[in-house]
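Below, subunit A partners subunit B and then partners subunit C, in two separate complexes.
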Partner chain A sequence: MTAITPPARKKIKAGSFSLNRFSTRTQALFHVILLLFSLLCIIPFIFVIIIAFSSEDSIRQIGYSFTPISWSTDAFAYTFKLGNALWRSYLNSFLITIVGTVLSVAMTVLYAYPLYRRDYKYRKFFNFLSFFTMIFGGGLVPTYVICKSVLGLSDNYAALIVPMLFSPFNVIIMRTFLQTTVPPELIEAATIDGSGEYSTLLRIVLPVVKPGIATIALLVSLAYWNEWFLSLLYLNKNMSIMPLQYLLMRMQRNADFLAKNSSMLGADASKAAAQLPSQSLKMALVVFIVIPIACAYPFFQRYVIAGLTIGSVKG
Partner chain B sequence: MTLTKAHAGSGLRRMRTSSASRKKAFWLTTMMLPGAVWLLLIRYLPMFGIVIAFKNYRAYRPNTFWNNIIQSEFVGLKNFEFLNSPDTGIMIRNTLGYNLLWIILGLVISVAFAIMMSELSSRFLAKSYQTMMFFPYFLSWVVASYFVLAFLDPTSGMIPFMQKATGQKITNFYHDTTWWPLILTICNLWKNLGYSSVLYLAAITGIDTTQYEAAAVDGASKWQQIWHVTLPGIRPMIVILLIMNIGKIFNADFGLFYNVPQNSGSLYPVTQVVDTYVYRAYANTHNLGMSSAAGFLQSAVGMLCIIGANALVRKIDPESSLF
Partner chain C sequence: MKKFLALILTLAMVLAACSFAVADDLPTITIMFHGSNVSDDSAVLEKVNEYIADKVGAKLEVIWGTWGDFDEKAVNVLTSGDKDVDMVFTCSWSADEYNSYAKKGYFLKLDDLIEAYGADLKAAIPESLMQAATIEGAEGKGIYAVNGFKDTATQNTWDVNVTLLNELGYTVDDLKAKGFFGWDEIFAKAKEVKGDSFYPFLVEPMVAERMVTNSIIVAGDAGSTNLLSLYLNPDDVSADGAYGNKLLNKFATPEYKAFVDQMHKYYEAGYIDPALSVAETSNDARTNHQKDASYLIGTQSYAFGYEFSADVLARGVEVQFVPCTTPYVDTTASQGAMMAINSASEHPEESFKFLALLNSDPVLMTLMNYGVEGIHYTLNDDGLVVFNDDARATYSPWTNGMGNVTILPDTASEGAGFRKSFQEYYAGALGIPSLGFVFDNSPVENEMAALGNVAAQYALALDCGAVDPETELPAFLAALDAAGMQTYLDAANTQLDAYLAK
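What follows is the complex of A and B.
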């Protein structure tokens, strides 16, 4: 390359421009393919929104359709009438997500930070302790039995939070964030200044790894928000603490589940079940559950991508 | 400064540093405790529960878990007899078959998508596609199962209604196994392609652009550049993801196989996989021994797969091995 004079180089660049881009026609083809798949990814959600706003009459006549005969907000009005059961589970979802995320982030950071410290004596041991669980486990049933009968995780909020509190995968993501953003000299300088371990972590390290913490917090809160498996396992009697995901799952198999479990009693309940716009109501609940994700999604996408990219390569 | 003084000084410093390092190790260890306790209770304790797989677990007096385990009769491999039943063959076939198919399809399509996105002139549109494609990844299978229901529901779903409108025979999707291999494949790709495309896109962005310039100088067309620069550039990523997926080949996505087909019994021949089998063995028959045995086999085979896969990675590309 040394022999090329500046003007000649410019010429190659100009010439290579066509070689470094696909022709307009090929690019158009790429656009068509990608656009089709992208639409496929969001159309089901749009369809569900349309169904939630379709009138029960329209659904009876032409089924679920992108172009219903008539529109209605009955389903949403009904969610307010149903009261308790629905809003309670919505609240449960928020509660579980918030508490779980706060605890989980704290545990992850506290576990990942000493692993990042090269001068920590027991680093190898604790690293292995968490890593080994990624490749071997007791399996579903022994874990379930231990959690339920030994640890008392059954029909309580703890059962829906504790089994997911900690993830070796997230520890790896956090440790990688620390390794790439916090230079060891920073820790050394703080130690020489007489800063204790906890105050170094809180005052020096945390402000630097804020993006890493945001990533972990988002991954964890998504996992909690989308959680229904723990409810399936550990909720048997105490249905008042179930999250919305599980409510939805139960409704799929019996449509008047919500009416039966609502605050209305006796004759009122059966009357309510009879008038229930059950089809659009189900879809309205799906909308309720996706809306928080869809709204926050454009903002958190960047962090989650960063975390998952790191996690997949290192984990 | 005399020699003795200096000597004494360094000794003092050494003493101070050793006590400081002990203090440091202590405080750092306290940070590990919450996570370590969780791991011991929720991950390591159940590993001892694996003995259930070799016992006829029943309730004894006093009815506590450990007492029951100790008192229960040791039955050797009796709990593993389920391996002889024809259901087991079907579930293993389903698990391996779907996983293999999806690994190959996922790899080819997501690499293709990543290359297409990286080659678009419009950054804005590329980002928009990425955003839309990644969206399903953040939804749960419960939500996705309602999406599928909207199309397939026998009473008001879109497809049965279209069949009715055109006078065709109405397919009862939740009782007819014909379409499920296709439906499950679409669902899996729909949910995961965005994620894997983004991973490959990140790898493509990491390729040194001067390589493309050099290839262009040599007269390589864009397609040749893809073949000789892009694909070799993302080969490590392809290898890692491929091998990690092979390591997980005996694990299935429970939600996909349980929620999307609505746990419909008549679909089991095409939807039963190891994870749903273990769950149903326990939930339906409360057969602790057998479901533990099945779970244990899955864990053990899974571990062998991961170790084998890792040994392979280490041979091909030591840098990217897991451990």
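What follows is the complex of A and C.
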């Protein structure tokens, strides 16, 4: 820290006119730090792509390497041979993520808005109701029983969407965002101008909190996109609605299980292990999983950054 | 007009409901398997349902559990009393513990059903397997699962790359004569011929330990890293071993010390791939070396006919499995793959009839296991099964996890008469003196968890020879003692004595 500040001060003394400007040396330092940080983020992904294109022989002989002995597109050829199973699960992932995100954001906003309104009578109670579930969960088995037997969430898309619709954490974020960006005066002004409750929410409040919504949408869509545990729990017979993450996770878990139990299973484990998909195939699937979300990120990012700087009241 | 329409609609719905009920009056029973690789079961289930409609009086649905997700699914189904799943795979070696689940009342006691509908089943499965399944459960002593007739005896073997061995100028007999403690010279030669990056000794460390010290797995012991150990008599597995019928801390015996010392020597000399000593990479590395045949001697827990399986043939070298002992029947192996009926099931009779049929009727077992003739396999001129690889890619259940595999037809790669020899091989296997004993670890659960963690930290690296036993073994033993090894041992021995006294 001390290394950064002195040159900046010196520059100002030397007659620089912009207070917001850093010295060249500081800028260079920041650039280097950020560059290193970006590399830390990008290199693993590049590594994954390299492994996906490495030949199986190369992985067997020298393990994962940035410079494999030989290249191959077998893994991708195989994923295309997976055909329907792969594309259907890919489509499922998109469907679950999009529907889930839209519904979840709608629910979060509709729950958070009354909690933000000071004139809402049961505010404390509903606040507590959602907060309580953050601390005390029902546990896996009771949740499973309720979802499967009472709500009928089994072997259908709803089973992969509904359990994650509501997150108290997101409600708190949204409520806080409303509190900090939408002054009560704005609501009062709207009411005086003759706006009803719904039109106040939809026409006045929502446009102001767009960045907050984008943040929540990003969090929720990431959560849906990466979700596989719900599939494990609730998909039994209807495997055609399985998302891509679960397809990948299943391969990983199969390999882990066989590794753990190979000394118990004996020859059966060796036979099963020989059938497992190759390392490069797993990495190829990771590429499939990462690309859409990596593409979606910049769009959200615009709003997230905007959220830091914009409010409804300027000055 | 509206009322009239509503009336017609109601009538139509009632009629539709009636016609449904008439066409579809068979109850649906659901079975959950382990270790499947099935993405399309439509052709098979159509045939199966045709076949069992009269014999069982139910329609079958299947949940194809995979290796990775079965345990979690089974626990949820059983603990939540999910009545939608009627039959569940169970065994004694994984989290889906037969003995503890039966005790908790998750499984239906089958004795009455066997009496009523099990004549064919009893004829198809050896008495010893029925006995192995007889345990103390929630409803008293009885049979809580249908025990599959598969490779029901354990036999550990040295997996020898004979092609390479002969190339080096040795024979399998040389290996046997020199024994585990005298392979330095052979390994050194292999290293010299094949280069420095070649690792001749391909061990599965835990299995190698059992092979060299003649110790066996005790059912009910801590998961993947066993702590307890019974010692076999390698010359006669049905006789008492060196320590009699006493359970020992396997890491504290002189046999174990000798084993890890030797492994450390081999490891230091570069005969063992370091990847084998890390839990995360161990299995992958082993599979890869096997695929490449880049090893000289390996370890393999053997099942009869394994040398004819596709993955051994694919290695492209001559492989021989050299046994350490004759096959022996212990509790773990004799409860290796079973099918239990969920106590919450609404159709226990139909479920049992199905299980009995599956284990005694070759047509049904072949259909369920190998698929439909003409789609998943064809018969060659000798009447042997030739698999259609494309179709099998979407339908390959875990053969041994389904039940009585001795009634399956022979495949072309196994050769004619294989299943008959298989049956004889295992029918002739001897039981160990304490066969049937299962350690009930519930009184010492906490100790077991703590000890399991300690063992996970030390055992693999020691077994593989990656660390120096002079310093690490005493540290390991001290850590075990601190975690309550003595309490654990005493509890186990008290139970074993009580069991043997009966």
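Please note the rule applied: the second predicted complex is superposed on the first by the 219 of 315 C-alpha atoms of A that agree within 3 Å, B and C clash if a C-alpha of one lies under 4 Å from a C-alpha of the other, contacts with A are read in each partner's own complex, and residues count from 1 in each chain.
We adopt the following convention: a residue touches a chain if its C-beta (ideal position, glycine included) is under 8 Å from a C-beta of that chain, and two chains touch if they have at least 3 such contacts.
Remember, it's a predicted structure, so these values are computed and weren't measured experimentally.
Q: Who does A:Lys237 touch here: subunit B (first), subunit C (second), both, or neither?
A: In the superposition, A:Lys237 contacts subunit C only.
Q: Of the two partner chains, subunit B (first) and subunit C (second), which one does A:Pro114 touch, if any: first, second, both, or neither?
A: first
Q: Is A:Gln252 in contact with subunit B, with subunit C, with both, or with neither (first, second, both, neither)?
A: both
Q: Looking at A:Val145 after the superposition, I want to know if it touches subunit B, subunit C, both of them or none. Which is it: first, second, both, neither?
A: It touches subunit B and subunit C both.
Q: A:Val286 in the overlay: touching subunit B, subunit C, both, or neither? Say first, second, both or neither.
A: After superposition on chain A, A:Val286 lies in contact with subunit B alone.
Q: Could you tell me if A:Phe136 is touching subunit B, subunit C, both of them or neither one (first, second, both, neither)?
A: first
Q: Is A:Ile192 touching anything from subunit B or subunit C once the two structures are fitted on A? First, second, both or neither.
A: neither
Q: Taking the superposition as given, does A:Cys295 touch the first partner, subunit B, the second, subunit C, both, or neither?
A: A:Cys295 sits against neither subunit B nor subunit C.
Q: Any idea whether subunit B or subunit C touches more of subunit A?
A: B
Q: After lining up the shared chain so the two structures overlap, which partner does A:Leu165 touch, if you call subunit B first and subunit C second: first, second, both or neither?
A: first
Q: Both subunit B and subunit C touch subunit A; at which residues?
A: Touching subunit B in the first complex and subunit C in the second, residues 59-60, 63, 140-141, 144-145, 149, 249, 252-253, 279 of subunit A appear in both lists.
Q: Which residues of subunit C touch subunit A once you look at their complex with the stated criterion?
A: 30, 32, 35, 37, 39, 61-64, 66-69, 71-73, 76, 79-82, 84-85, 93-94, 151, 154, 204, 206-207, 210, 217, 223-224, 275, 279-280, 282-284, 286-288, 290-292, 300-303, 306, 309-311, 314, 332, 396, 398, 400-401
Q: Please name which positions on subunit A make contact with subunit C in the complex.
A: Residues in contact with subunit C: 59-60, 63, 85, 140-141, 144-145, 148-149, 154, 232-233, 236-237, 239, 249-268, 270-276, 279.
Q: Under the definition above, what is the set of subunit B residues touching subunit A in their complex?
A: Residues 21, 24-25, 27-29, 31-32, 34-36, 38-39, 41-50, 52, 64-66, 113, 116-117, 119-121, 125, 128-129, 131-136, 138-140, 142-147, 149-151, 153, 155-158, 160-161, 164, 190, 193-195, 198-199, 202, 212-213, 216-217, 219-222, 225, 237, 240-241, 244, 254-255, 259, 262-263, 275, 278-279, 282, 288, 291-292, 295-296, 298-300, 302-303, 306-307, 320, 322-323.
Q: Would you tell me which residues of subunit A are touching subunit B in their complex?
A: Residue list for subunit A touching subunit B: 12-13, 16, 19-22, 26-27, 30-31, 33-35, 37-42, 44-45, 47-48, 51, 59-60, 62-65, 106-108, 110-111, 113-114, 117, 119-122, 126, 129-131, 133, 135-147, 149-151, 162-163, 165-166, 171, 191, 196-198, 201, 222, 226-229, 245-246, 248-249, 252-253, 279, 282-283, 286, 289-290, 293-294, 297-298, 301, 304-305, 308-309, 312-313, 315.
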